[in-house]
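Each of the next two complexes has chain A plus one other chain: chain B in the first, chain C in the second.
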Partner chain A sequence: MSVTAPSRAFSQAEQSLVDRAAAALMRSAAGNSERQNALSMLKQEGLPSRRTEAWHYTDLRNLLGRVGSAGTGAPAGDADILAPLLPNGHVVEIGAATDVNPLAGVTVQQVDKLPEWKTALNHLDREFDTIRLLSVAFGAKATKIDVAAGETPGGSIELRAEPSASGSHTYAICDVGDEAKAVFVERLSATSAGSLATSVADLKIGDGAEVLWIVDQEKGAGETHLSQFNVTLGKDAKLLLFVLNAGGGLVRSEVHAITEGEGAEIRIRGVNLLKEGQHVDVTTTLNHLVPNTTATETFRNVVTGGQGVFQGMIRVSQDAQKTDAKMACNSLLLSDDGGFSAKPELEIFADDVQCGHGATAGEIDADHLFYLMSRGIPERQARALLVRAFVDEVVEEIDDEPVVEALEARIDRWLEAHG
Partner chain B sequence: MLEIKNLHARVAETGTEILRGVDLTVKPGEIAAIMGPNGSGKSTLSYIISGREDYEVTEGDILYNGESILEMDPAERAAAGVFLAFQYPLEIPGVATMTFLRTALNSQRKARGEAELTTPEFMRRVKDAAGELKIDFNMLKRPLNVGFSGGEKKRAEILQMSLLEPKLCVMDETDSGLDIDALRIVADGVNALRAPERAFLVITHYQRLLEHIVPDTVHVLYKGRIIRTGGKELALELEANGYADVIGEAA
Partner chain C sequence: MPAVQETIDQVRSIDVDQYKYGFETLIESDKAPKGLNEDIIALISQKKGEPQWMLDWRLEAFARWKTMEEPSWARLHYPEIDFQDVHYYSAPKSMSGPRSLDEVDPEILRTYEKLGIPLKEQEILAGVRKPEEPSRLDEEAGEDATPQRGRVAVDAVFDSVSVATTFKKELQKAGVIFMPISEAIREYPDLVRKYLGSVVPTTDNFYATLNSAVFTDGSFVYVPEGVRCPMELSTYFRINERNTGQFERTLIIADKGAYVSYLEGCTAPQRDENQLHAAVVELIAMDDAEIKYSTVQNWYPGDKDGKGGIYNFVTKRGDCRGARSKISWTQVETGSAITWKYPSCILRGDDSQGEFYSIAVSNGHQQIDSGTKMLHLGKNTTSRIISKGISAGKSNNTYRGQVMAQRRATNARNFTNCDSLLIGNECGAHTVPYIEARNSTARFEHEATTSKISEDQLFYCMQRGIPEEEAIALIVTGFVKDVIQQLPMEFAVEAQKLIGISLEGSVG
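Moving on to the complex of A and B:
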């Protein structure tokens, strides 16, 4: 085994994480040098702290210990079989052997591939990519999904991880061919307390293709989930990404998008619902490399407790003239116990662009509340209506009724329990 | 129906006294007009009747059907039959108008121990009321008051009023921002709701509205007190001479 020594004293949680990764590798039958390399790096460098800019607001080294990473929870039972999020959903379990292709025009295959971790996708991360490093060190299972050019499958592709007590590690490689239209759902559901899971997805959207990608994260309160969604868009390609964070103890959702073709359009919408004891971080980078691309990004956060983070970076390279990119992060603070940090950043090297950002935080508008109550709606119900309105506004931008209904149902469930 | 007794109130945050001993009685079936120059406390009075928290009652009482409502929150007052037509109805993005109407109607029914309305019955009532007020039904598919013109907002207030069937309707400068046609539609809507058991408190600057909604009594509010009370002819007198004479007499 490796004899790599830590570069510094590791915290207990950190050491336990490294030991788990090492033990998991020992158990796995086939030796894999790439996994071994990643483990060595993890053993040497451990986890990032607030001193790493990309992790400044989410000090993984310290937060991990607080949420717990022992993986002592009971294995998730098969008892509660989850229905697909969307009515026409086809479940693909990542890493599971499959010889059935769920939908016409879609090919699903298990592949022996690990994420590339040696280059950080967020330039503020360390020399390597933290989430990908963990994904590789834990031996992520991979599945490749291809949507053939010109195809519009007759249903959504719902990606899930194999249930695992200590936490699953998945790698989805999705290729949507030119002029194809596809809907993906990443379903991150609760497993067991103390688990640490990673999910990495690499999506390539071909020229003129359109993708709706929904992340439904409803992990348990004692779970850690680190996810990374990477997308490249071809000419005139369209992406609508919707991220719902309605669970998890320690959560980091990274989104890295690159426009490679002119006319590409990125829309990112998201809702973060936070309660006591949670730490939820959404970190996005939008890289505009070519001229004439657009991006809009809006996150709405409801905070009843816990700590939320939004880091949004828009980078416009020198060639990317006529880029039109906007981002907004609006938080509704329903309790003094919670907080939300927003860090928007613009890095613009082109001179003919429109870029903007805005972050707001506030309480329920007293005038709105009075108006609703003056019509006989009791206070609790009036508040709930206003909170719902605040998040539904971004959900309804999806403009696809079954999708909106499904997401609003998940959000309502949370609001009824915690709002 | 409504008895306001020696009501003193101030802005909770700043302590500024706005009402300085208002006495006013409104009987069932009566239309009482409150007139007065800017800053006399007219809007404050309407907010305090409907229970807005930004004001503090320091003295006096408001009795509704013989009982004090000062301890009731706005929703409880509404369920008891108090309705405020806002001078500036609020736009609430994300709240669908129909959801709002239905929630309000059913909340009030529930508070009164009545059964909720079925969907077809609710839709029928909204369609009927919208038709009377010449409100395009498609407008009601939008979020609450969002993108409505000033006149449309005022008509939407009357629509809410007719659906909720309150007993005491407080109308805060309903005529402001209305052209003459819209004013007539709104006035017709109000007149259609006139009933022996329903009272109206119509707050306005101008006599114009009172040509369409003819009051039984007219009260002049000035510096937080009712300084004169009379019949509908008082409104005409004010229109002709301004407030100066009345204020001069009271001083």
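Moving on to the complex of A and C:
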């Protein structure tokens, strides 16, 4: 592609982003055409705005500028000494040299070439290309992780990025073989204010395989993190995805799931904790392509400030009869300084399905508060208790004690500091 | 089994394109040449005998429209509309201000007769309920039952000119102004000027701006302070002349403490070219006022191959301007090839209420993208949305709605329920709600479900000898009952019948 003239006048933030990507490409030793193409596309199209439906509540064009441009200063430092989130966790640094001593049943390889550019999940989803485009344009480093068929590794695989002051760009390609069972943790920890990081993960779950995938996002204030998680599920495959957003300045977590085999089961649970100065967007699409698959999705949001966004789409194609899909998004607004926007969508083309969604937003229930206070619990404590109960309800759905404990510890730490 | 003639006839009789109201009135009409420019607008304005300020207003809107782009965000697919290939003005020629029904062209009267439009009050009663069941209806009317129950004043818009207005005198006695908007512009210029465009500004959106430039007629209602309008007001729109876009403009003002219930119903003759319809409805409710606006829309939806049908791009918005005011929208949408319609409420006054009840039925190749907006601006405002979408055939039915509470909208409350029912596996049902809370005391609840008609229910009905198609109509009627109950009695019966007709041919 040789056309690089912008299709319109760019905002300052956009221009600065494009310049950064171009400068990074100049610095990189080996030029590659894929990266060059991505940069050309970025130079031409820029970033999505409010008018792009998939980015309706996250106007990247303007928000990026507000969160800050190029990052300077050293990495926050504690990133490299962090202990794994789960006991028996095995840390894999994405893009680093091939792991010579991985967990049994797991192979970890550095990859030079990113997976071939597939334009989105289907033609409607071109709007979801942005994060992948940025990731390629900034020269994401990639690692391929395979869990062999029938294996159950003895610990969790914890994915991390190499710490970088200006922001890291990672691409994880994970393949879980038939009948295997694996636990992945994506650890996104603080680097430095003003950094821009992207992470893309492509996960393939084989027939009858089971995956627990945990995203622990605790970026620092003023950091931008854009992530995309793409998963395909084979026959009778199971996925439990847990997303914790407890940090960051401008955060977008996209989840795109596709059921390719009958009997596949998707469970998504998530907690978004927001404070002043943050913009956190969780956008998910569940694409049911084959009959007899189920999905449940629940997000709980606690907003003490900032702007929270949830966009959730359930898509049922014409062949996907007997789909059972449910989605819920509940937000607790604890301050008038914050806001929450939800867009739970259904797009149904098959008639024999059970699909539904619910969304609520409100403050702490006065009756619940009264109940606790009438039993002698001071208001502050009673509120904290109710907020914790609201959040823990979804965490406890994970049927794995060490995982629940680890996540509750992170959540408690946040609630104590900001709740 | 070979298909016997009886079967063939039966199949033919339930075909989707057996549009009951597909006849055409052949009367001479007076129309402007195709196309849109300043001269056409001046011609419309002149035909209507409008003052200069009105023409200026139109021209300003037109200048703005030329800079706007047609919106494309809705889940609708249709060939590009050539806005220069439309007649923007058309009036029945024989109409030069009839003083009574006798002066109305008999062809028009016959059209109304076929449509069952009740121009006289006796006909109204005869048209909507069977003689053997009047008492039951009255009982159900409950507290609303007044001695005038059942009376409907009709302002019929035949293509672009209001042909006849009944009950005008009685309304005048109560101080209610109910007349075609073109007349109101001449007779009550101050009132019109004060409120026109105050809810839907001329710059609002592509179709509303187009309407502002070229609207030809519509209704104007003003209910003065403290007056409870003594009867249901009603208007029937009917697109008749080939290739004429109809651009009505309706403006309803309920002053302090007033109440008015307004009914709008539409049918259009069958024809092949797609027709454009871009109406604007503005409602204004002052302190303690209440406006109830009900619509039954059953325009021609196109034939079984998706050919023809009305394109319906409507901007309807109510402004709860005063404290404790209330605006309620009820709609039954069964017609049109394309529906783009979002009746909304701006809950500006403290303690104001907004309601939206909707049934949208799509069959054949129809596409509906409809919903509402509830914008909570004032304190203690509440809103309620009940939407029932039914898709059959190869149609697509989308609910798109926004609920928003601004920072100062303390204690805003919303409840939304949107359910979709799918009949057949070639149709689509979609839900796109936008929920935006900017205030911690706001409480929003939203729920949506999509399912099909339960086999058990269908089996239960069929086992008792009810044919499949009737059984489906019966179950669907149950599915939409929450909304039907909100319709004025005159419409409820018609609406139920319409849903049955719309779903014909959806089985098998």
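The rule is simple: the second predicted complex is superposed on the first by the 396 of 419 C-alpha atoms of A that agree within 3 Å, B and C clash if a C-alpha of one lies under 4 Å from a C-alpha of the other, contacts with A are read in each partner's own complex, and residues count from 1 in each chain.
In this text, a residue touches a chain if its C-beta (ideal position, glycine included) is under 8 Å from a C-beta of that chain, and two chains touch if they have at least 3 such contacts.
Just so it is clear, the structure is predicted and the values come from calculations on it, not from any experiment.
Colleague: Both complexes share chain A, so when I overlay them there, do chain B and chain C fit or clash?
Modeller: After superposition on chain A, chain B vs chain C: fit, no clash.
Colleague: Please work out whether A:Tyr371 is in contact with chain B alone, chain C alone, both, or neither, and reply first, second, both or neither.
Modeller: In the superposed model, A:Tyr371 contacts chain B only, not chain C.
Colleague: Which one hits more chain A residues, chain B or chain C?
Modeller: Of chain B and chain C, the partner in contact with more residues of chain A is C.
Colleague: Applying the document's definition of touch, where does A:Gly356 land relative to chain B and chain C: first, second, both, or neither?
Modeller: It touches chain C, and chain B stays clear.
Colleague: With both complexes overlaid on chain A, does A:Leu334 touch chain B (first), chain C (second), both or neither?
Modeller: Only chain C; A:Leu334 stays clear of chain B.
Colleague: Using the superposition on chain A described above, determine whether A:Leu386 touches chain B (first), chain C (second), both, or neither.
Modeller: Touch status of A:Leu386: first partner only.
Colleague: With the two complexes overlaid on chain A, what is the closest approach of chain B to chain C, counting only CA atoms, in Å?
Modeller: Once the two complexes are overlaid, chain B and chain C approach no closer than 12 Å between C-alpha atoms.
Colleague: Considering only the contact definition stated at the top, list the common interface residues of chain A for chain B and chain C.
Modeller: In chain A, nothing is touched by chain B and also by chain C.
Colleague: Touching residues of chain A toward chain C in the complex: what are they?
Modeller: 53, 56, 318, 321, 331, 333-336, 338-363
Colleague: Sort out for me which residues of chain B touch chain A in the complex.
Modeller: 50-54, 73-75, 77-79, 83-84, 86, 89-90, 92-95, 99-100, 103-105, 107-108, 111, 143, 160, 164
Colleague: Where on chain C is chain A touching in the complex?
Modeller: For this pair, the touching residues of chain C are 73, 407, 420, 422-452.
Colleague: In the complex, go through chain A and note every residue touching chain B.
Modeller: It is residues 366-368, 370-379, 381-382, 385-386, 388-393, 396 of chain A that touch chain B.
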